[in-house]
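Got some structures for you, see below.
In what comes next, chain A is part of two complexes: it sits with chain B in the first one and with chain C in the second one.
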Partner chain A sequence: MKREKPSKIVIASCCIMGAGQLLSKQWIKGLLYLFIFAAYVTYMVTSGMNDIKGFFTLGTVRGDAWLGIQGDDSIMMMLRGIFAFLLTAMFVALHISNVKDAKGLAKRLEVGKELPGFLQATQIFLDKKFYIVALLLPVIGVLIFNVLPIIFMILISFTNYGGDIVPPELVDWIGLGNFEKILSLTEIKDTFFRILSWNFVWAFLATAVNYFGGLGLALLLNKKCVKHKGFWRMFPILAYAVPGFITMLAFKFMFSYGGPINYYITMSGHSAIGFLDIDAGWTARIIGIAVNAWITIPTSMLLATGILSNMNTDLYEAASIDGASKWKQFIKITLPFVVFSTTPVLITNFIGNFNNFGVFYFLRGGLYNDGYFLASDTDLLINWLYNLSIDNNYYGIGAAISLIIFIITSVFSLLVYVRSDAYKKEDTYR
Partner chain B sequence: MGKLKKMAVGVLCASMLLGCVGCGDSKETAGETIVLRILENDTAKKEGYLDALLEAFNAEYKDKGIQAVDANMDEYTDLAANGPYGYGPDVIYQANDKLMTYAEDKHILPIDVESLDCYSVTPEAAWEAFKINIDGTTYTCGIPVNIQEPMLFYRLDMMPEDWESNWDKDGNKVADFFENWNDLYAYSKYLRDTDTSANGDSQYGFMSSLNNLYLNGEFLFSYGAYVFGSNDDGTLNAADIGLSAGDAAKGLMAMKQMASLMNEGCIDDTIIMKRYEKLADGSYFCVVSTPDTYSLFIEKLALAYEAEGLSAKEAEEKAKENLMMIELPGKLPADGDLTKSSDAMTEDDWIDTVVMGGVNGYGISSYTKYKDACMEFVNFATSYEMIQTRMNTLGIAPTRSDVAEASGGVTDMIFESLSEGRIYLMPSIKAVDQIWVPAQSLMGDIAKDPYREAAGELGKYVTIGQLEEAIEKVDQDIYDAIFTLKD
Partner chain C sequence: MSKKIDSVVTHMILIAVCLVFVFPILWLVLASFSKSGSIYDIDGFFPSEFSFNSYHKLFVDTAMYDYPNWLQNTLYVAFFSSLIGTVLVILTAYTISRFTFKSRKMLMKSTLVLSMFPSFMGMTAVYLMMVNFGLINQLWSLILIYAAGAPMGYLVQKGYFDTISNTIYEAARIDGASNFTIFVKVTLPLAKPMLVYTALTQFAWPWSDFILPNLLLKNKDLWTVAVGLTHLGETEFTRFAAGAVFIAVPIVALYFALSRFLVVGVSQGAVKE
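And then the complex of A and B:
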């Protein structure tokens, strides 16, 4: 059978997916490509073009349930638009692979090599590009369940979605309007910077307390003089095993006016203390740090226990012979080793604490302080974001704040990580 | 290709297939029968009223091909978020403020209320709570079922033995401390002063978590405060916030005085959480709660009697005999001074108590496919028999005048209070969502003031001027919350 010229094969595949393969008698592969091409074109004609158009307009017809007018759902239109763009990107990637494949076929034909059959080509592909097969499903899953919502959230921050603008009202693109509001409206700006500064203090303090608390506990329980170590280790694990929100609610009750702490305070003849009152200020903040420590120290302890078990005891012996004190040994041997091994975990903890929603939501939700816009003085950015977007429907502003949190935390973690020994001196302890 | 890779490919394909199977259509077909999803509140479910309602309706409409089922959703499910996508209920039971928030965006349907059996026996004030003006036309979007207002719960067997001789000066067989706040203050003070327990915490008078605007609204609304003012056309104006209007600061001073006779539990939700148990054990003489919690008080009180040795049945009977639910005292001092003796006060020194309340009712989702069937359901659910069953099961105060009259007593009194304007209904607009937290934050802080002073600290709200300033700030905060982020 006569085969087409190599150049024609590439041109045909460029124009119509799979055409080059069909010209090369690669029937199954060609038909598969052609099917994808046809499916994409059908999708674009029937819905994709409208979805992309809708992404830009976010709807033109306002719904009216009473009159039976369904109207445009701006948010669904945005989602469908994003989906259309993602599908288009995937189609482009497949088209490129189709052209590359056609080029490969053309090359083989030029040098007179036999073209492999479909089964053989599939086997070669599965063997050489196994990573693609293995990662395809997870990547699609990540795209749909992770990337799509993130893109959606980012895009929402550029709209006026929220407040009175919720379906059936039509949402509009407003560019950087939400960011301008955060940085220009006095109340929002002041609240933002107040909460941001407390958020940093909280994240540093909570991370440090949890980290060193866990390390200290691990060191203590590692000491030879401690008997029944397993028994003692059980208690922090028990604290860890109780669901976090249950613990937080229990602490809220403990520190409330009707709780056991105030009961004993009043029994001893003193006045009850408003640990979590509106004017509690730093008392409430410190309680938050302590509650968070209660929940997270067990994890740090377990981590540190594992790392300490890998320590080379010869180092301590040598240090003792050289006259190093216990403190010196801790500073110069234990700490660098543990910090080196746990830098990525430390960063994760910091980010986790920076975005720690539960502690102050459960301990002190439902309070607004003077000088704060829809927030209290213990709220973190994530709590404020919740107040704005869930309690008060200001989704656009909420999305803008979450984008700012994302930028802050990602830049911070990247900077810290690339400057850390764990990244720079990867082989030090190998 | 290695075996391992083949296995991996196999597992991936299988998982993809399973995923596809999992994504299959799981819709059930209802056949010819129309199935209505009814969303009721949790208490109605818990106490078995919803089952009784559904059973009665389904028996009645069996031949007409209509069946009502429990929507099985959270009682505060968001119709606006779920309805458009087909997940919401067909009929929803909510308070007027929540229901009318949906009406603003047309998520619930306007109803031809005159076609309902309950129309003529329901007062205009209750219908008003469900009216909305859109583009100059007024629609009614809900069907009133019951009135909610804060009530006073107390135990008959805890009444002072000498109440008729010492606490009923006008001899009308109603204790003075249930008629005016100054005597309630005086009796609460008496109980505190005569508390001889080691820690002085065994007997309290009037108890309420004062940080709760809904339960303690009388300290504002009786003195001329309002939530939102009105436009010329009678619609609510969310820009006109009036919690500080009139003599609201005087009311807050009265609240502060009352706080001084409670304990620190009045600053947060402690009293709300403990009220059932503390009323049952006799530590609290009277507490504030809503009518729908009646059954919870009975439950705890019956347990207390059981602990004293009565059988379960006897305990329940005794609990029902002894638990009293009445309206809050009807008179507050015009100058906000509860410490004055009522003997020295003339009729002009009093003002009527106005409490915050709401009307709960049914709404029909705009996304229902069976509007007519829904109308049949709400007509049935608001019929004389069903409302009477609801009242008997849940202890609610119905909006149907015939049921209220037949029941008499408190139910009729609540009904009258609504008709005569002694209940300030929660405004039926979206902006009302913004009032709670700012008001709650301030009221809790004011309730804390007596305890600051007792601890030797300076009070924050010592003068009327300071209270005025604070409540005006709350108005401003609410305004900011509503309007700051508007375009």
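And then the complex of A and C:
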């Protein structure tokens, strides 16, 4: 039986996917590669090229129902363009694997080894490269539902999509236009900086309240005189277990005009207070912080309990022998230890609070204050983002704000990342 | 003497704190058993007359607010998201913990970067894409999104798999077991508690999520409980309370059954994040 020269196989596979495999009589594998190659080429010729072109122009024909002109749908064109790029990337990856495979075949032929049959090869692949098989579905899922949307949103932030410019109007690339708008257009700029400063104040206050609240509660439960710790711990856990949206809606009812708090206020002869009304200002903000504390203190309590139980108690004995007061022991021993071991969590909590959508959405969602562009004085950036992009279709500006949030969060996350022992030591026990 | 005062003060603070935590819940539970339906008819925190009226209405008077249907949708979404999501998370966590391969570090880093994007950013995009592809108003698109996003939170599970000693795998390998066999016959039985924990947390998330279904389900018969309950105003307050209690009870029971894992899960996730 005459065999082709090994080097020829590699070259053939480089030119046409699967050709080398066919030359070395790997029929099924070769045909599969060839089939994918043909499918990709057909796709590119029939629509792929146009889709990629459309990605850059975002449409040239404006639709007009009156004149019966079928216009270009810019957003669809962008999505199809992204799709074409992704397919191309996948094709390139597959092509590389095909060349590698051909190289492997060539090597085997050179030393005169028998080539494995298709079934056998598949079996070997499934076992040796189990991680590829196992991760295939999760990775595809994350790519489609997490990565693709993020890429799409990043691209949207560089277009003028939204407001009046939705199909059939044509969307255009405007570079950094949205970011310029946020930082210079008076109405939006004022709103942005007001919300940003409140957002930081909120994140600091909420994190501090939750952290020290949880720590305090854990210390209280850790006291020697407290018996039946499990019983006391049950109550915060109960609060923790109730779904967040129920808690937040219930608190909204509690502070509403007909709610129990206003009932007692009116009973005592005063007029009802609009705790969460449009002009409530700091009242609503403080209620927000309290509600958030109610929801998150149980989690930080659980965390602090876990950390306190890992603590070395010898230190306290030594300290009391030296005559240190309880307060001094707390400041000098407990606090440094707890703060040290929870720094990453503290920053994660800070980020979580910075992007806390639920509290103010449920308590006061949909209110727009004067002096704010489509937002209220309790709204955080993430709420504003929702108002802009979901309720009012300002997609471009909304996407730009998401990117700004991303930058802020990633700076803080980087702090965690650099400091976290868990990451640094990730490889030590491997 | 001072010890006694200390103990009394401690317990008083504890009682106050526990009251703060339990009172809103108690109020809601009591309201769900109130005879009248509107929040204005309840005298302060305590209803004047009790009955099962609200629960009865919740399941029978479905013309305006079809609670049984919401419940069915929620169950459907939560069950299948949990099923698919658990498989994906366990696969991801096991593979990343057990195998060292070229793109491993890169995968871990990219999930970290991805998690820094505000969750809303992706959701707005998913919404826009679903609208453009006409996939809005589908329960299964919700399931896909929940399940596909699940592997992003693989760290707790990975931490668990990291604790399983490599020698077990090596022994099985020497006995000639393939990687797939090892996963099914060795890993899964060892990871049973983690499987349970994962399945339940994956179930609890869609069960109590509001944002995504509110975004993607515009059709009234597709509402989940969370979406439906937000549409109940002050005059339907006890119906809200009853509906809330009914959906919260299984989740609360679940958390208590899981409280053993809870501390571990919270601290693990925290340290690894």
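Please note the rule applied: the second predicted complex is superposed on the first by the 335 of 430 C-alpha atoms of A that agree within 3 Å, B and C clash if a C-alpha of one lies under 4 Å from a C-alpha of the other, contacts with A are read in each partner's own complex, and residues count from 1 in each chain.
Everything below uses one rule, namely that contacts are C-beta pairs under 8 Å (C-beta built on N, C-alpha and C of every residue); 3 or more make two chains touch, one makes a residue touch a chain.
Model, not experiment: these values are computed from the prediction.
Novice: After superposition on the shared chain, which partner residues are touched by A:168: those of chain B (first), chain C (second), both, or neither?
Specialist: first
Novice: Given the touch rule stated above, what does A:373 touch, chain B (first), chain C (second), both, or neither?
Specialist: After superposition on chain A, A:373 lies in contact with chain B alone.
Novice: Does chain A have more residues touched by chain B or by chain C?
Specialist: When the residues of chain A touched by each partner are counted, C comes out ahead.
Novice: Check the residue A:237 against both partner chains and state whether it touches chain B (first), chain C (second), both, or neither.
Specialist: Only chain C; A:237 stays clear of chain B.
Novice: Just to be sure I read the superposition right, which of the two partners does A:137 touch: chain B = first, chain C = second, or both, or neither?
Specialist: Both chain B and chain C are touched by A:137.
Novice: Between chain B (first) and chain C (second), which, if any, makes contact with A:394: first, second, both or neither?
Specialist: Once the two structures are laid over each other on A, A:394 reaches chain B alone.
Novice: Per the contact definition in the header, classify A:305: touching chain B only (first), chain C only (second), both, or neither.
Specialist: second
Novice: Examine A:272 and indicate which partner it touches, taking first as chain B and second as chain C; both and neither are also allowed.
Specialist: Only chain B; A:272 stays clear of chain C.
Novice: Is A:127 contacted by the first partner chain B, the second partner chain C, both or neither?
Specialist: both
Novice: Pick one for A:185: touches chain B only (first), chain C only (second), both, or neither.
Specialist: first
Novice: Per the definitions at the top, what is the overlap between the chain A residues touching chain B and those touching chain C?
Specialist: In chain A, residues 73, 126-127, 130, 134, 137, 256-258, 267 are touched by chain B and also by chain C.
Novice: Quick check on the complex: what are the chain C residues that touch chain A?
Specialist: Against chain A, chain C makes touches at 3, 6-7, 10-11, 13-14, 17-18, 20-22, 24-25, 27-28, 38-40, 42-45, 88-89, 91-92, 94-96, 99-101, 107, 111-129, 132, 144-145, 147-149, 151-152, 162, 178-180, 183, 207-208, 210-211, 215, 226, 229-230, 234, 237, 240-241, 244, 247-248, 251-252, 254-256, 259, 262-264, 266-267, 270-273.
Novice: Where on chain B does chain A make contact in their complex?
Specialist: Against chain A, the touching part of chain B is residues 1, 5, 8-9, 12, 15-16, 80, 84, 105-107, 109-110, 199, 201, 263-265, 267-271, 273-274, 366-367, 430, 433-434, 437-438, 440-441, 444-445, 448, 451, 454-455, 473, 477, 480-481, 484-487.
Novice: How about chain A: which of its residues touch chain C in the complex?
Specialist: Chain A reaches chain C through residues 73, 75-76, 79, 126-127, 130-131, 134-135, 137-139, 141-142, 144-150, 152-153, 156, 217, 220-221, 223, 225-226, 232, 235-247, 249-251, 253-254, 256-260, 263-264, 267, 294, 298-299, 302-303, 305-307, 342, 344-345, 348, 355, 357-358, 362, 382, 385-386, 389-390, 395, 398-399, 402-403, 405-406, 409-410, 413, 416-417, 420-422, 429-430.
Novice: Mind pulling up the chain A residues that touch chain B in the complex?
Specialist: So the residues of chain A touching chain B come out as 63-66, 73, 123, 126-127, 130, 133-134, 136-137, 160, 162-164, 166-169, 181, 185, 187-188, 256-258, 262, 266-267, 271-272, 274, 276-279, 366-370, 373-374, 391-392, 394, 397.
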